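Please find the structures below.
Each of the two complexes below includes chain A, the first together with chain B, the second together with chain C.
Take a look at the complex of A and B:
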């Protein structure tokens, strides 16, 4: 929220060092965000994913979780665009996953799988556009509730529309992905498909973030009325971001359907809606990497905690609370903190979980209380 | 340049602004003053579409519909706020770039599919934004996050952003509020510099000295109505104005 925080007491000069280009005297350049090394980061991410899979992932169930992580990461990246960048709390992400999945399943009865996927995405995008146009002008909480209602209605429709979604929304024998001569059959085949999916999703987010759209979406998120008086089409930008994020979810859903071969409305239930929110909050909304880490946490940590048998949920819950309190910017915030500490500069947090965000405010209040006591 | 006639703003049963008519001619600097609650800021909000209002409003002879922020912006009306509304999640230069026109190559499709054109447009916006920041003395902080700025610098950044939007008329809501004398002088100097470039300005403020120094003409509001207008020195001598400020006005 602009203007709501206390200005930093340290002189602003200490917070920022001129970039390399600026120091060399290049005046006509671009904002810092354009100098992010996203393509390198994405390449490194791919290498890490491959390395970890080779070294640590063995056995069918481990491979299954690994693929699930990548699928959730795609849906969570969509949520990052909608909530993290555009600031709209959409509970409809799982509905869009379900829509993508059911459409792909239904369409692949009559057309080749790749066409079914493509049409499924196009129809999902149109549905998302209609929903966004209807709902985007509602305020924060109303938007959250409205999208939650959409998700609820969606579940009912998929359960009861037998002709489209099968009895009780159960669809079996969904054909596997088939592109050109490549037919995905094993977990490894699907791993490659999902890795490509995540990389494409990361690339799209990266292109969006290194464009005027990010700047305007943040402006529209943090102070919509100010943005309107600057001529920024607030509603339209949020519609665009919602549609993009929803398409990500639809991709994730249709991949899931083809991977598992069976879907039911419970696959995309309210648990997963909250799960996607958790991924975003735990991982952090300061950058697109946050939700990737958050999705990993959501998929893998409960599995590691299984050895604690009946204490599993208590430990998991405790862990969530500790992370939320200690790392208001999420797990990805650790990197930024370390970097700023090493450069010896003040740490300025950003994003809804960061600067001016509820969690950040809480952390500030706690540290203020502590410092005034000593 | 700016003509507002019979502007009304109602909050429930309260008439916050009542039949206010006001005009600002090209290159003129008009001060809008009045005691707290007299409707000055609400009037600016009405013109920029921040609150629903009725009445007629025209810029440069073109009618602008009230209650639509985008319309006011498109007509060349830019503004600042009583508490500086800068985006702390963005850098200073990005804040300024929010206002730089024209809005081309800004959508999702050009971000993905027309990148060279999008980047070229961004470079253009960037260099103009940096130029604006150097004119107001914030060039060194162009890449710094706006969250690190002092209150005074935030105010200046906000003014720079509005100026970068190439305003036909700039509306300032209490540019000196919360600033010390030195900072107020800085804001005054910046406005004086742009005035030489032919800036048209409507400024709401409390500080009589600041207004007298800056403005060609002063309009006084009390309880949502215009009670006096004229040259600053004459207006301060007006008995009605003195009464309004001292609270002798019958309510």
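Take a look at the complex of A and C:
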């Protein structure tokens, strides 16, 4: 797509128009975001998760990967905020997972587990804030490379700081979650804990989605100059989104530590970093549901490709490239373009670089079918 | 004193390796604007191909090295065809994620092909032979690294500033659209730049491999260090990158050797973060780079 700036600017204008309309006194014309019913879609999601679990998930390993999916979904939702909404090219998501996990493990030696988790989140948030403020002037690749370096330093620290992380970063016997009288012991117990985690994460993201923060972040991502002239504090919005997303990762990490009881630096290595990119790109960055589907794909598809397990990572890497090539500007681009051309408006890209992913493509297909019927 | 000389020498030789890697980045970045996250894995691939040529094809060492460079040149061009060419009109972020995908594919293809046991790469000067300077033992391998790096970087200077190819690359780096309007064949330049860049990565991999062992993570940390060097040098010109690489190499070996032994490989990252925080345009930047 030559001139990718053009639709981006168009996007910023389209995003701002509803607010202006509403301000002029058209009280009955509420902008899209305020008419969304996210609570019902989250409820439907919970019902689907429970139904699928009852119908299809049996056996320890299936429950194990079901839980893993929910954990990755939390981390990926955070990444959606950082990368999808704010457009920050961050490799630090797995580092923040590791930080949350190691802090929770270390703190739970001295305080009750739920306090350890809370403190771990607070410290992770502070660390994320410091990093984000330090890197406030860097953009795109510089930010990506900087966060990659932070992840590298983090891995070394976890490996070498024996007093904090144990020999070679291996921590065993991390105590299980304990809230009130409830102690999570079995896979089922952890399933409930993680389901609560995902639902809370979804609620937070959906509240952000309908707040001005999301629109401002997208404007800051796609057209920083325009956003600045509109009075949006571009840098600070990116800091806020980075900290929020990092806290999500820390939650996922500390849950992982308590669930598995053992962590090592490899658990949160570069492969998972690329995996999180894959979840986001595959699922699509057009909405928060994309990363949920992406995470499901990342966890469940390998189970059906057992015989290819040694090629798993090759397939992931190849898939990342293929999806980048085919989905956004291929099928999605065509579907969205056709629809937008019919309605006579500019083509609007979703996500950084116009990546809508599978979910976006489905939505486009449905709305296309509807509009051609009427 | 002997310890200082030894650390200084290994700092210079590590800096020389990093300079080759960073120059590989620079060639690609100048010609296409792409920052290639697969560069480290191309390094690893170069070392693996060299080991395989010696152990399985029973080639002489230098012939094996040459074969590895040629193969990696081809891999680079293949990568251009499969990853860059289909994505070249998309945003830079998308292309960079594409190179991440390529990095994963390369790394795990190597894993399937050669397994994850560390291998040893032979060298024409022998791994254990040393000479002495002021009481410090300096290995011939490290000496060879510095000489090869000097020759290769000299060649790159000639290529950048003395040939038509170099003028075209610099024109592309200055203004892609105008360069294209002037008739520079952008696609062919990208094709060559990917090949050259991958071959430089392979050379660095081959040179550094005999110092330790060949495994799947060989290239990754060096790549990050080279990022650090390139950023220190301003990501703009060859001189800046070479100076940046030597500084990074010396900092890592001297500061790491005397003070932070366990964390020495984190030092380049720390230097890089400091540069980014304090002077995001690099120490030696000539041009305003709004593009990055």
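Simple rule for what comes next: the second predicted complex is superposed on the first by the 283 of 374 C-alpha atoms of A that agree within 3 Å, B and C clash if a C-alpha of one lies under 4 Å from a C-alpha of the other, contacts with A are read in each partner's own complex, and residues count from 1 in each chain.
Here, contacts are C-beta pairs under 8 Å (C-beta built on N, C-alpha and C of every residue); 3 or more make two chains touch, one makes a residue touch a chain.
Given the structure is predicted, the values throughout are model-derived calculations rather than measurements.
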Which superposed partner A:238 touches (first chain B, second chain C, both, neither): neither
Which of chain B and chain C A:94 touches, first, second, both or neither: neither
Touched partner set for A:146, first chain B, second chain C, both or neither: second
Touched partner set for A:207, first chain B, second chain C, both or neither: first
Touched partner set for A:160, first chain B, second chain C, both or neither: second
Contacts of A:310 with chain B and chain C, given as first, second, both or neither: second
Shared chain A contacts, counted only where both chain B and chain C touch the same residue: 1-2, 354-355
Touch list for chain B against partner chain A, complex: 48-50, 69-70, 72-74, 78-79, 81, 83-91, 93-94, 97-99, 101, 103, 105-108, 110-112, 115, 118-119, 121-123, 125-127, 130, 140-151, 153-154, 161, 165
Residues on chain A engaged by chain B in the complex (per definition of touch): 1-3, 5, 7-8, 10, 12-13, 15-16, 18-19, 22, 27-34, 204, 207-208, 210-213, 215-216, 218-219, 222-223, 225-233, 240, 244, 346, 348, 350-351, 354-356
Complex interface listing, chain A residues touching chain C: 1-2, 4, 87, 89, 134-135, 137-142, 144-146, 148-150, 152-153, 156-157, 160, 270-271, 274, 277, 281, 310-314, 316-321, 324-325, 328-329, 352-355
Chain A-touching residues of chain C, taken from the complex the two chains share: 35, 82-83, 86-87, 89-94, 96-98, 100-109, 111-112, 220-221, 224, 227-228, 231, 262-263, 265-266, 269-270, 272-273, 276-277, 280, 292
